[in-house]
Amino acid sequence: MEALTLLHWTFDILLGLGLLWLGWRVLTSPDLFNAIVLFVAFGLLMALAWVRLDAPDIALAEAAIGAGLTGALLLAAFAKLRTVEKNHDIAGQLEKGKLENRSFQWWPATFLLVVAAGLGHTVLSLPHYATGLSAEVSANLKSSGVSNPVTAVLLNFRGYDTLLEMVVLLLALLGVWSISGSALPREAAPGPILDTLSRLLTPVLILVAAYLLWVGAHAPGGAFQAGAVLGAAGVLLLLSGWRLSSHLAGLPLRIILVAGPVAFVAMAVFTMLTGGQFLEYPRAEAGTLILFLETAATLSIGTTLAALFLGERPKNKREYP
Amino acid sequence: MNPSDYLSAALMIAGAVFFLAGTLGLLRFPDVYSRLHALTKADNVGLGLVVMGLAVQAESWAVVGKLLLIWLLVLLAGASVAHLIARGALERGIKLWRR
Amino acid sequence: MSAAFLFALVGVGLFSLGLYALIVHAHLLRKILAINVMGSGVFLVLVALAKRTGESQPDAVPHALVITGIVVAVSATALALTLMLKLTAETGRAELPEDQGK
Amino acid sequence: MQILYLALALFLLVNLGAGMWRVLRGPTAADRMLAGQLFGTTAVAVLLLLAQTTGNVALRDVALVFALLAAVTAVAFVRRAWTEERTNNES
């Protein structure tokens, strides 16, 4: 038993040190591309940290987003930055990212050491045993319609958080669509390997998204994780040169994008009209209603994430010259 | 420990050795192509052995199926990525190592 | 000391590192990475402190908040990257303009 | 067996740390990305081992998602960010 405890501690301490070291290197590594690769690795270690903290739900979300989306987003932005530089003949922006890191600034460093010490002290002075809201959650879990406490919080107890979160996603997409510039120059053909890979992986990704959505009711998983996996499937398709057909890029795309928030608002109005509170589901049907809401949310989240990666606004048929 | 435990332990330790070999290759080999070769082959075998070791201990066939599915997906991703990177490196004129 | 507090301290460290880099670096891509590292630090503190329930299951409310937070963080990152590209295309610099007041 | 699972997971974590050297060192962008790929495979193995030792079967789903998405970042690199070789690559 002793050896086991020791191993657990060694694992956690190494993981913690690894996170700090990677975080440091992400922010100080002299090369921006390098910093991005390190950040992807950092996300991977974060997923392991969630596992160690008994948070498999978060680990799933981090795995899907850290491995599938953040890296792709950052790498695509890095590539576009280089194209912008070339077009404007302003060499050296990326080089600039290199030089400044050598300088160490004393005042911010001292200030941040004080901040870190203060925060660390505060964290350590918190009570070592606290139940938080876990008692309330488990007391009400039976009436929530699902048995995974995290899903119960996300979709039932604090459903309004999820509603507003989807509005935030939509706002981010509106922002990106309003300001993003021209489309990327024509890509090379994906080639047989990438073509085959995307054709093999996409159905599996969609299947796994549906699986995560379904098990979310009683085990780690749910709308966010499923949506992130779906978004990653979209990113893979976009990278393989696939584009939404112009018939679907107009209204149909927008309907899917708002399906989640609209379903939530409709549900909220419905529950209030039938005599309940805002998003207070009738107990008997809570499980079914949650699954319905989650399906709409998954579609919206997945589509929004893929659209965020694409950046430019997909034009519908009439807008093409 | 019963016999299946010994089998499982042996498989997993062998897997770890392959992972070590993959990392050594990544660190020591002279050019990107040989590092690619070391990494994708050794690590995928390592993962395969770890998966087999765990499959011996698995509580049901469904778990064995999931473990194998995970391994197959990693194999697919590893092989495709290795090919894409190697071809990309050739196209970009990264030279092969010559003694 | 328990594993929960170990990870909470790591979270504090990441938050401080990120804040330092956010102040010191001028390049906007680096600032975006810094904000993401800061965010990870905050999430780590929240989830680590949710584990203080002892042997029983950790508190699910912070877990739900962090899942929401991760998805919001990635969409905010996408928006920030687009803003950075637009600014670079307009001004030719991937940096914020210096204060003109002094 | 518990000790073995955890010890192997720890060993793989250290192995990962060693692989980091290649990310930092390069010399080509492809090398850095490759080491990132190593991270994915090793993390899958660590997650499967942790699933066995903690009895938390959900960790296998995390490993499944990792395995599925392992290729996406690398594909993004090959298709977008790898427009030219920037570093002074080895000859």
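As written, the chain order gives the labels A, B, C and D, with residue 1 at the start of each chain.
Everything below uses one rule, namely that contacts are C-beta pairs under 8 Å (C-beta built on N, C-alpha and C of every residue); 3 or more make two chains touch, one makes a residue touch a chain.
Please read all numbers here as calculations on a predicted model, not as lab measurements.
Trainee: Counting C-beta pairs in contact, which comes out ahead: A-D or A-C?
Mentor: Counting C-beta pairs in contact, A-C comes out ahead.
Trainee: Computing the C-alpha centre of each chain, which chain sits at the greatest distance from chain B?
Mentor: Centroid comparison gives C as the farthest chain from chain B.
Trainee: Between chain C and chain D, tell me the centre distance in angstrom, where each centre is the average of that chain's C-alpha atoms.
Mentor: Chain C and chain D have C-alpha centres separated by 22 Å.
Trainee: Need the CA-centroid distance for the pair chain B / chain C, whole Å please.
Mentor: 33
Trainee: Calculate how many whole Å lie between the centre of chain A and the centre of chain C, each centre taken as the average of the chain's C-alpha atoms.
Mentor: 13
Trainee: Need the CA-centroid distance for the pair chain A / chain D, whole Å please.
Mentor: It comes to 19 Å between the two C-alpha centres.
Trainee: Send over the residues of chain D in touch with two or more other chains.
Mentor: 33, 35, 40, 57, 64, 68, 70-71, 75, 78
Trainee: Would you give the residues of chain A that are in contact with at least 2 other chains, written as numbers and ranges?
Mentor: Residues 8, 36, 54, 69, 78, 194, 197, 201, 204, 225.
Trainee: Where in chain B do residues touch two or more of the other chains?
Mentor: Residues 73, 76-77, 80, 84 of chain B touch two or more partner chains.
Trainee: Please give all chain pairs that are in touch with each other.
Mentor: All chain pairs meeting the touch criterion are A-B, A-C, A-D, B-D.
Trainee: Over in the complex, which chain B residues touch chain D? Could you list them?
Mentor: Within the complex, chain B touches chain D at residues 1, 5, 8-9, 12-13, 15-16, 19-20, 22-23, 26-27, 30-32, 35-36, 39-40, 43-44, 46-47, 50-51, 54, 57, 63, 66-67, 69-71, 73-74, 76-78, 80-81, 84-85, 88-89, 92-95, 97.
Trainee: Show which residues of chain D lie in contact with chain A when the two form their complex.
Mentor: 2-3, 6-7, 9-10, 13-14, 16-17, 20, 23-24, 26, 29, 32-33, 35-36, 39-40, 43, 46-47, 50, 56-59, 61-62, 64-66, 68-73, 75-81, 83, 86
Trainee: Could you list, by residue number, the parts of chain D that touch chain B in their complex?
Mentor: My answer: residues 1, 4-5, 8, 11-12, 15, 18-19, 21-22, 28, 30-31, 33-35, 37-38, 40-42, 44-45, 48-49, 52, 57, 60, 63-64, 67-68, 70-71, 74-75, 78, 82, 84-85, 89-91.
Trainee: Going by the contact rule set out above, which residues of chain A touch chain D in the complex?
Mentor: Going through chain A, the ones touching chain D are 3-4, 7-8, 10-11, 14-15, 18, 22, 25, 29, 33-34, 36-38, 40-41, 44, 47-48, 51, 54, 56, 59-60, 63-64, 67-69, 71-72, 75-76, 78-79, 82-83, 187, 190, 194, 197, 201, 204-205, 208, 212, 215, 219-221, 225, 229, 232, 235-236, 239-240.
Trainee: Where on chain C is chain A touching in the complex?
Mentor: Spelled out, the residues of chain C in touch with chain A are 2-10, 12-21, 23-27, 29-30, 33-34, 36-37, 40-41, 43-45, 47-54, 56-68, 70-72, 74-79, 81-86, 88-89, 92-95.
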